[in-house]
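Below, subunit A partners subunit B and then partners subunit C, in two separate complexes.
Take a look at the complex of A and B:
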């Protein structure tokens, strides 16, 4: 028998209810103990039963999609609220040194509800404005819950509270790295992709070189760049003043840029290649100059592919920018590697959670933009 | 006047067009017929330099085509590509307006011109102007492609199999339309086809192409009456050959004094149609509206002399 999606989501959330909601640690680095929803809160058993009831209902009765979306949104918000409350009431008993982190049950519930949301949205196929609206609602609700202080007793938020300024600084740096390398990759990759489209002979070598680049692990890449850039900074003082150095943000930017080059170049090429030959020849035959053919025919027709490249690269770079933390380049990676060094998982989460959220957000926003562009096309 | 002088084009060491010399008089339609792969597309592409000749020259009104900036040359030569190649992201009107826009015509003039062309090709401007190419049938797309080639009133129009995708009825209509458009504008035209009937119907002259060479270039009647090689004979002759000949001659040309029964026909009606009317109505002769008659015997005699 095929499992219906609704059943799968229900099983996920159900499992989440049964697994520990929060992890309790007497102090920051001690071993933890899991606590279930029904143990964590006074009203816990009632809430768990109510949610279970709704889940069973969602399995046996085919809910309208709208209702499912509302249920999922409420579920996501509810999981956060319940987590915050549980943490608060537990911390009152345990004192200030204790740490309360979201545990497997919480993550499963969040996963189940967000899958339910994605599925509901996909099924309902709401109009583009409606989808922007849903995205906006989720963002506002998320920020609202964070700002309300409800989650302040959660360990990640406590890590955040002690590093507010550093967090904002690294967030800015993370975005600079991701967008900066994307900008560079577009600046170089679009002309390069167009160039090898026109000069067929260069295709093989260029793509091969980019492919090799793509397979070099980031640590090895830093290893190669370190002496090169250090030498460059030493011999050319001007370069040093521009921020060129063997470690820090500059090599991280270069690495991200190099990794982004292949997707940009290959998508540019494949986008241009989808333009039918007759269309291209008609453009030339009617008397368009090279640049007119490129600007009026080739690029507009390759646009969906170019935006797809933008999406791939942005999402990839937001995630990958974490490696900058390895070489003192800043960004959310700083917390990740600090946390790993100190064996403080809460600090690692402070780096990974915003990274994941940003990547998701960028992916969704660009998907919506792609649909805007794709409208009115065959 | 267009002169092709000793044009040759090699691809991968093989000549695809060899030593072609051809003069097209201003205001005439030349149809270029030949089997698939004989080099027709390559030949006309050398005129607008989409393919550069390996040797030889193209003169347009005495001016060497190679001496002009290539995009300026192409804007003066209308070109409807084999395979149409409409711009999928632009509406019908924008497609047609391509060359006028490149030439910087004022908006109002471009709009008038697009509507005029749509009407000329029997496409209602109100219905078709804002359609996208994927919303057209194959035949409509081909007519838009031809309209696009004509938009900036080019001195020369190159049409590469413009009616390939049309069914026989629409095709006949499109051929008549094109002929009418050409008569009105006086555009010089080179039209590629592998349909000999189309070549006969539309051409003032026919150039027959085989394996990269022009094997015969002549007025339509002469090609039909005096094929110079077996290839041309095979192309123009066959069981239909005699009817093609008759289709070139007007009834008035072999009219004789006298009476005939039944409804009269126009003096301009071609003999193929006269013959068909005689046979279907069981008459030996038809009266002409302008007086006199055409007899079956006269048609038979003319066909026997090979149309002369």
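Take a look at the complex of A and C:
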């Protein structure tokens, strides 16, 4: 018999049902004990059996893709709901100090159902509006479950509850770092890419310099920015007034900006190079000035390549901005490194989960946009 | 351009001399220190950190290279085709996961030290290799495959003598991407106590000693450039060989 994706998903979710759903810890940093779904909830065994039944069914019967997408979405939401309920009922018995963290079983179930969703969507190849709709549904359901308070007894959410203000502050900072550096990179990279497109001789040196920047490990680049910018601010008072500073978020912003330059510049260049020579000459023949050719012909035609750069940079910078937490630049990395230092894994999760969610969201949204642009042309 | 040919050799030589006798380069890093702080990191020998950094990266890259190539082969065989759409979307989605986040999430499962770093590098490194293996194996000229079939080659022979050599340049470029990313990401492994060159950089961050940050960064950068260069050369060779197959 051939192994089919449905069987793999069933095995993953089945393992998830068999492994501990929540981890019970008497306090925040103590070692934990795993509790399975059937032990954690009064109705647990029934739910587990029902899910197992559905999984076996999905293995023997080739479900239509649409139905599998619905099943996967329901499964993802269901795993969260079951986790929340289990934590709530367990916390009533255990008291306030106890911590209930999602355990391996929960993550496996979530993995199995999300793979099922990815497979269903890839197979069905739904239209763009349908994909926006699925994304919207996932977002609304996710936020709905978070807002409903269903998960409030989960350890990550309790970390969130005790530091809501700090979380919102760092979230804002994280977004500022990722989008601010993207904006700076576009501001500098677009003209630079266009410049080396027009001045062929500069291509080699500029791209080589940007390539070398990429090889500097992020930790070191962030670290070097601190003294460099502090020195700059001290020697040039004007720079200091402009906000240049060796502490806070500024060094992180500049480091992210430097990493973002290569994708922006090289994609601008390759996008402009895809424009056929004949097209360019026709525009010149029509009597357009150099700037009109650039603005009205070249840049619109290079757009797909530019949006691709946007995707690379945004996803990369959302992830790299975590390092800012290590040099006092703020962002979700603050929680990650605090958590690693205190061995408080719930705090690590509070930093990593939103980072992953943001990066995923940025990647998916920009992929959809890229497809819109690609379809808008012959 | 001609000078460029000697540059990698010179960089390698400089790196070797620097790692063997770091103190003779103290004058370079002295200006970066303050309050008479030491210019060269000595808590652990730089050479030892470099070796363990490279071994961690090598183990992870070899493992993810092997697994990535095997998976890429499996999903492009007739029996594995069912998994192809899934494989494609998983690699696309997986690559948006930030490496730092993968590293931090590996800690609760594996504890501190080298293990979580290895796991994070392995998982993250799988994707470029797998993606490029897929691209190399799926985007092949139909007439060549047809000819191979016409010559009476078995599926296994076709894979070994035709498909893999044709895909090799792309596979190597995937491994190169993986190696360069891993080299940089491994430094972050030192935040979870893995013995890598990140240790030097972190020591510099904690004691505000820019000399440490610079020398840790410098060694990793030169290694990245050298590995990039070496694997690019291998890729060119493979492309030439693939040209002969085609």
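Keep in mind that, in the parts below, the second predicted complex is superposed on the first by the 368 of 378 C-alpha atoms of A that agree within 3 Å, B and C clash if a C-alpha of one lies under 4 Å from a C-alpha of the other, contacts with A are read in each partner's own complex, and residues count from 1 in each chain.
The rule is simple: a residue touches a chain if its C-beta (ideal position, glycine included) is under 8 Å from a C-beta of that chain, and two chains touch if they have at least 3 such contacts.
It should be emphasised that the depicted structure is a prediction, and the values quoted were computed from it without experimental measurement.
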item: First, second, both or neither for A:288, with subunit B first and subunit C second; value: first
item: Subunit B versus subunit C as contact partner of A:248, first or second or both or neither; value: neither
item: A:78 touches, of subunit B and subunit C: first, second, both or neither?; value: neither
item: Subunit C versus subunit B, contacts on subunit A by residue; value: C
item: Partner chain(s) touched by A:240 [first = subunit B, second = subunit C, both, neither]; value: neither
item: Which of subunit B and subunit C A:218 touches, first, second, both or neither; value: second
item: Which of subunit B and subunit C A:276 touches, first, second, both or neither; value: first
item: Partner chain(s) touched by A:301 [first = subunit B, second = subunit C, both, neither]; value: first
item: Complex contacts: residues of subunit A adjacent to subunit C; value: 2, 4-5, 8, 115, 118-119, 121-123, 212, 215-221, 223-224, 226-227, 315, 318-320, 322-323, 326-327, 333, 336-337, 339-340, 345, 348-349, 351-352, 355-356, 359-360, 362-364, 367
item: Contacting residues of subunit B [partner subunit A, same complex]; value: 45, 48, 50, 71-76, 79, 81-89, 98-99, 102, 132-134, 145, 148-149
item: Subunit A-facing residues of subunit C, complex; value: 32, 79, 82-83, 85-86, 88-90, 92-93, 95-101, 104-105, 107-108, 180, 183-184, 187-188, 190-192, 197-198, 201-202, 204-205, 208, 210, 213-214, 216-217, 220-221, 224-225, 228
item: Parts of subunit A lying in touch with subunit B, wherever the complex brings them together; value: 276-289, 292, 297, 300-301, 376-378
